[in-house]
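First the structure, which I've put down as structure tokens, then a few questions once you've had a look.
Letters A, B, C, D, E and F mark the chains as written, and numbering starts fresh at 1 in each.
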Amino acid sequence: MSHAFPQPLDAYQVPRFAGLPTFMRLPAFEDPAQVQIALLGIPWDGGTTNRAGARHGPREVRNMSSLIRRVHPVTGLSPYDAVRVGDLGDAPVNPIDLLDALKRIEGFLASIHAAGAVPLSVGGDHLVTLPVFRAIARQRPIGMVHFDAHSDTNDRYFGDNPYTHGTPFRRAVEEGLLDPKRTVQIGIRGSLASASDTDFAEQVGIRIITMEEFADIGVEATLREARRIVGNEPTYVSFDVDVLDPAFAPGTGTPEIGGMTTLQAQQLIRGLRGLNLIGADVVEVAPPFDVGGCTALVGATMLFELLCIVAESVADRALQTPK
Amino acid sequence: MSHAFPQPLDAYQVPRFAGLPTFMRLPAFEDPAQVQIALLGIPWDGGTTNRAGARHGPREVRNMSSLIRRVHPVTGLSPYDAVRVGDLGDAPVNPIDLLDALKRIEGFLASIHAAGAVPLSVGGDHLVTLPVFRAIARQRPIGMVHFDAHSDTNDRYFGDNPYTHGTPFRRAVEEGLLDPKRTVQIGIRGSLASASDTDFAEQVGIRIITMEEFADIGVEATLREARRIVGNEPTYVSFDVDVLDPAFAPGTGTPEIGGMTTLQAQQLIRGLRGLNLIGADVVEVAPPFDVGGCTALVGATMLFELLCIVAESVADRALQTPK
Amino acid sequence: MSHAFPQPLDAYQVPRFAGLPTFMRLPAFEDPAQVQIALLGIPWDGGTTNRAGARHGPREVRNMSSLIRRVHPVTGLSPYDAVRVGDLGDAPVNPIDLLDALKRIEGFLASIHAAGAVPLSVGGDHLVTLPVFRAIARQRPIGMVHFDAHSDTNDRYFGDNPYTHGTPFRRAVEEGLLDPKRTVQIGIRGSLASASDTDFAEQVGIRIITMEEFADIGVEATLREARRIVGNEPTYVSFDVDVLDPAFAPGTGTPEIGGMTTLQAQQLIRGLRGLNLIGADVVEVAPPFDVGGCTALVGATMLFELLCIVAESVADRALQTPK
Amino acid sequence: MSHAFPQPLDAYQVPRFAGLPTFMRLPAFEDPAQVQIALLGIPWDGGTTNRAGARHGPREVRNMSSLIRRVHPVTGLSPYDAVRVGDLGDAPVNPIDLLDALKRIEGFLASIHAAGAVPLSVGGDHLVTLPVFRAIARQRPIGMVHFDAHSDTNDRYFGDNPYTHGTPFRRAVEEGLLDPKRTVQIGIRGSLASASDTDFAEQVGIRIITMEEFADIGVEATLREARRIVGNEPTYVSFDVDVLDPAFAPGTGTPEIGGMTTLQAQQLIRGLRGLNLIGADVVEVAPPFDVGGCTALVGATMLFELLCIVAESVADRALQTPK
Amino acid sequence: MSHAFPQPLDAYQVPRFAGLPTFMRLPAFEDPAQVQIALLGIPWDGGTTNRAGARHGPREVRNMSSLIRRVHPVTGLSPYDAVRVGDLGDAPVNPIDLLDALKRIEGFLASIHAAGAVPLSVGGDHLVTLPVFRAIARQRPIGMVHFDAHSDTNDRYFGDNPYTHGTPFRRAVEEGLLDPKRTVQIGIRGSLASASDTDFAEQVGIRIITMEEFADIGVEATLREARRIVGNEPTYVSFDVDVLDPAFAPGTGTPEIGGMTTLQAQQLIRGLRGLNLIGADVVEVAPPFDVGGCTALVGATMLFELLCIVAESVADRALQTPK
Amino acid sequence: MSHAFPQPLDAYQVPRFAGLPTFMRLPAFEDPAQVQIALLGIPWDGGTTNRAGARHGPREVRNMSSLIRRVHPVTGLSPYDAVRVGDLGDAPVNPIDLLDALKRIEGFLASIHAAGAVPLSVGGDHLVTLPVFRAIARQRPIGMVHFDAHSDTNDRYFGDNPYTHGTPFRRAVEEGLLDPKRTVQIGIRGSLASASDTDFAEQVGIRIITMEEFADIGVEATLREARRIVGNEPTYVSFDVDVLDPAFAPGTGTPEIGGMTTLQAQQLIRGLRGLNLIGADVVEVAPPFDVGGCTALVGATMLFELLCIVAESVADRALQTPK
């Protein structure tokens, strides 16, 4: 049966450096109705307040995703045997006009959502998650497991700008897209602009597991807490690569030392298996700062880890849904 | 007399790697009235349609300008003996909001202009020249010697966006800030989006000396033509580092092969000596793409070349003006 | 009529960093019969005797080709208005087995040739030109304008190996694929293994214009000589990026200082306009040594220059051929 | 009250890439009497026996310190609310003459010390700590918590040279500046020139906690031991970035694999809270070897961690001292 | 007595950047009979299926080995006091012809083996271990402790190629060179081409300790298991740098995130002390991908760790063997 | 006869990346009496006033010299057929003590000179030429053709330091080692510390051909002038890589834009054929700033160009000298 599903190019036949770099070497699709999971890029960093470059993220993550193979090493399962996955290309963007860009991205995601496909996107800076939420969470707020060095719940920048990569989740809560009670942020750390930086998150009920707490309680306890918070309702996973220490992911706009290892991040993602997942993203891979390309490889591998757990969730739901 | 003027730190006493990296190791000033020439940064690249990064230009050009000494090797003159020059810091910007950024930049430049100082700015992408013009050319249109691989007279991007780093000079002509008949563009080259790309420039009377023509006629004839066009009226010099071949200036957003050498660029700037210069800029140094830092050094050196000719012009006018 | 032909993505609508990086942002094709000119990659460097890496050339040249626009700046013409051009993907290769790789490449090129499409390929090391010749010049030997620092007419390596990137044109002459009397090599330079290095080329009648001679006689005389040699018969253009000075093209396996500028190379390619061109390639772009990516940009731009002259030739022949 | 103290530039108003890169974006001061804690650079690496470059450390640490915010994430406190902190610029140096350099540095530090300010310096190679000690510990020997891969208690180099970055703490003990019984070295590791390398340290009573022991006993036990050794007497903290694994801090002159993570280093510094701290430094950031700039970011962040604990100590002493 | 043995250059006399970069700054030898342990390079990566470059590994590991000192920090012993160690240069290779290369390498190793010297080699890609085994394990199969992200027991590539860097240990088992029952692979991880990827290893009895298991059971338990498996019989240690996380060793052909730290790797090697060691290697250091050179330093340091345990083993056997 | 002379390793047998990187892959010698021309490194940059790193120059120039072949492309001659050439290793240095370093270097060069060998050295910063002169020009002053962006005839730095890389030729004239009347400096350019910077050179009669003059008069006239000045008396050639534009040689301590191309430099060196050459050097290759390694390749190639003309001169003198 699995042969009916799109498969990555076989590296035993076509070397990894050959061929067009689609995500995971999968076929490219234009019609989201042909896939159950839509891999897509959102090449836009217009919300970046300091070091831009994440606009180039989708291209380099696609490039390095040629190194990823088909089967997950722990489960022994391939997402491509479970569901139809394809590369839907990039969302339309506007590098010059922030509000227009948010609309274009939302429109693209809405068409994917309308077609019944689950989006797995690669940013772009973290503001791109907001139009994704607008596309998929209009009906009712969703939960989120959020990996990041930063809470991204700030309010205003440079006078009165409400939209930057430091504000998406405040806006998402305000817009009723994100249920703060079902939101957990893991890996938060780094110096603060003010002691009140996390006031909003705390007031609305977002659970912050700082890097310090994570280092203290470990992967297992963190996972128990995260799963308790999001429960069985629809949940999104947002993975900002700056949750990782810059040793592991230097190519990002706002690096903070003292972060997580990739192994810990993998263990955390794997531990989310079985949740009711309705989308995920990997954001803030900024190739111009990614000397050597390792961060793009990290992004591609985390995308695969996310794909594996989302694919199981999609397949499960498909089984439960009468056609 | 020269000792009354601000001087760079002496590298025979303080090594070049020491001290705060102001432009040319000059003192920093907050009040433009204290200088005749204001060196300033415009750290903004919100008009960039492809590879951002020029927002980091002023910082790195300041950094590499520590390698520049006081005296011009050909004239044997020091601009710091002729006029008061200082580092006025960076224009305020807004990396998130294009229109707000243009206003902030214009405001800062207007205050410099009002104080009687001549601006010598380091971008930023080329759109920053537009608010500079708005600040200094409101009264009557100015002439320009423009070094660039691109004419930057396009019209609209991504739908209907009139402001990008590909449009400043079309806007400047439309707004009556730039006199197209007194405008010469040197070094234009590279593939075109359409055969009509230069129609606007030609229709309004801008003289384009393509790289091909420049290679054909050489430095001297180019200079004669440029001087003929701008004449003795107030003239601005805008130097986009992508006029140089990427071998000489790789750290830029829109590199085009087949460009000029730095020696040719120096000869051209030196040949503008004696013009009636009212401002100049160096733009599109994009440090994230500047492996090795050579482009920032090029930017700093070209800034010094411009400073030398502008200083002479400012000093000349000061002599001619009864106080 | 031109609208019937495949066109690159419009950068005024889709920014250059977005979308899959096909050559020139053209549509991808699987069937060579759908195009008149087939852009293709040959990602293989198994003939490399020192620094490998050209296997990654096609991917990075595709990547940087997003910066190239539609219309040639000197002629004002677009190749996409003249002929059907598309990205045919990569030739199949075998990074482990040299002889098998040569066969696979030849097979892919033969299918393109059989379909009536003209190949414009991106290597790969220079040995890839040999299987291209085997595919397109079996019937009668072709002429060649060859840009390179090296003559590539050596005989044996590491004992008795006849096939390396230093031998393709000796083999091509021996196999009757290349007419040495109609072959000109431009830019040859660099220290020699032995004073007899060029004996073979001279004996069979290949005309070598060394870098020293080129520097002496200039572009125009070089072009006259090249055109005289190849005449109006079918001619191939092979462009090894190491003909350029390493300042312009550092990302290559066998750099030799004292080379050509990109501007000179562009002038030379443009001067081949009107020849009877039946194929071309750009080889030896080695991304692992291409710090900053400039060499891939050079490769992409030279590919566009070649495309423009080949497109005219193909269009001319199409006009002359009764359907 | 806190508003009376110097504050960093607000990144919500002025983007991080704008403005002169002082340490932490603080105001620059010339008179040390105006601050309680003097941030300063010591741009000198004349004691380096292998890979020089730390002379450029202060500039790049200043540059990356633009990414640090005001408030410590664990304590929720800002050092800038507790004490007056400013950037005092760079110590005078002499890159050509070692003994003269040591004198110049000592003089600058002595003036800071005389003004009652506590120095927090950024090297430079580790030999710069010796003239700091000569300036602040002449009256009686001080204690030290020393983070490093190397004990830096060697004796002679290249014949009979007593001063290199491998000898400062032997000299400091010999000169009665450093109390070896109140000195603990943490993270020592790497191959030794001879089995007797640590004889001096052991004989004078320095406590070495090797990386192996640290890995064994962990952060808490290490902190207990360190605090026991230095007690409540005046203590200096010297942080050589090579205590970190090169994955976290590649840009240093003498990298040793198998080092600490930044998170461990942060936990260790944080655990020194409450000690009687009279100065600190971050040394051996060598930008020419710091591909990507991460080591400078690490240096800036560790400087902030040190600033936070030193500020508390300075504020405590100020409270206890009748004015 | 130790003075009779070859010693590294003394860095207190000759700075590390001076002199020819032999392994560990040891004397070079041509006759293997003059040493007990032969350090050698195998500069060949013809078995690489994706990113080549390990051919440059020996040169850069030699280069960075100048940073390694004489004495092990934990044992306080120097291998150069225990046995005669020297740099035997590089094995002859053929970058163009895989089978010829395997023969040349085997021949060189056979001559070392015949001379009674134990080989400690630096690759090259992992296929180089196969000809080493052919040279030293013809008489009876040996055991192996294998550090790697990949099992390297695949079967066929690109049609029917039996020899790549993904197949050496399958071939070694088939050829009776490697005893699978005495083989343990540590650190295996990363996505799989198929769920059956490890079937061969499991069927022949190779013990795989995945990265996940290692993270779970820790260094001590892993060592107990490894020592139990290989026992006291002749054992080889093969260290592929990709067992390390790319943060620690980015310069390799097939990086996999989620790997080991260098400290863990050092602890593991140190824990093999006392085994009956008959050879070792460090492979897959690929300098073209090693931005900053850290991976070569890691390779050099791991080579030293291996040298220390192999030297003890060689010295022990020498004591037990009547001369 | 040539077979009696030392020859480079043959790259047709041993690939360029294999083997120890001696200069030009020549045999290493300890006794200078065994060679007529001694290639040597002087790994020392203690005279550097800004960006150090040239201490690593000899190692990287040796490394890249593996790419140079045996025979000069223009003359068709091999220096290894004319004279005995070998790699004599590195001069002893002291990175900590300037005066001691100058003595050590002089001593090493004196032993080479005493043995009758002609030194061809690779620096190191330009101060290393002073001890070379002290070793070879004690008896009477020599002439010099000096390629450089800087005259290097400054007087005092950082107070009263007479020895830096900006002073060697003032000292050499003062010490009677260098005949200023027979000295020509080519390529001088860049901003000056003071208009009097070249006063000393002019007063003692050194002929400066600035970059501007060189660009004006060309290679041939420059050569005529240079040959006229130095005449037939003993002459040294000193090649500072910063004479080249940073596009061609970025890896140097004091880059100045607007420099020479490598082709021009090669033409100039080739044009010195037939002079009475008694030594030469290539200095200021600074690998830490040499992203991509091109500058080391330039250094190695220019060393070969120098070797070819020096070898002819040495061979000529040998013919004229009765044995």
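The criterion applied here is as follows: a residue touches a chain if its C-beta (ideal position, glycine included) is under 8 Å from a C-beta of that chain, and two chains touch if they have at least 3 such contacts.
Quick caveat: nothing in here was measured; it's all calculated off a predicted structure.
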item	value
Partner chains that chain D and chain F have in common	B, E
Maximum centroid distance from chain A, chain identifier (CA atoms)	F
Inter-chain centre distance, chain C versus chain F - centres from mean C-alpha coordinates, in Å	38
Chain A-chain F separation of Cα centroids, rounded to whole Å	56
Per-residue overlap in chain F, given as positions that touch at least 2 other chains	15, 17, 49-51, 55-56, 95, 157-159, 245, 247, 289, 291-292
Touch-based graph of the chains, sorted into line, ring, star, complete or other	other
All touching chain pairs, where touch follows the definition stated at the start	A-B, A-C, A-D, A-E, B-C, B-D, B-F, C-E, C-F, D-E, D-F, E-F
Chain F to chain E touching residues, read off their complex	14-15, 17-22, 28, 41, 43, 55-56, 58-59, 62-63, 87, 89-90, 92-93, 95
Chain C residues touching chain B - in the complex, by the definition given at the top	10-13, 15-17, 67-74, 76-78, 245, 247-248, 261-263, 266-267, 291-292, 294, 297-298, 301, 304
Sites on chain F touched by chain D in the complex	45-53, 55-56, 94-98, 100, 157-159, 161, 163-164, 288-289
In the complex, chain A residues that touch chain D	49-51, 156-159, 188-195, 197, 210-212, 215, 245-247, 250, 254-259, 289, 291-292
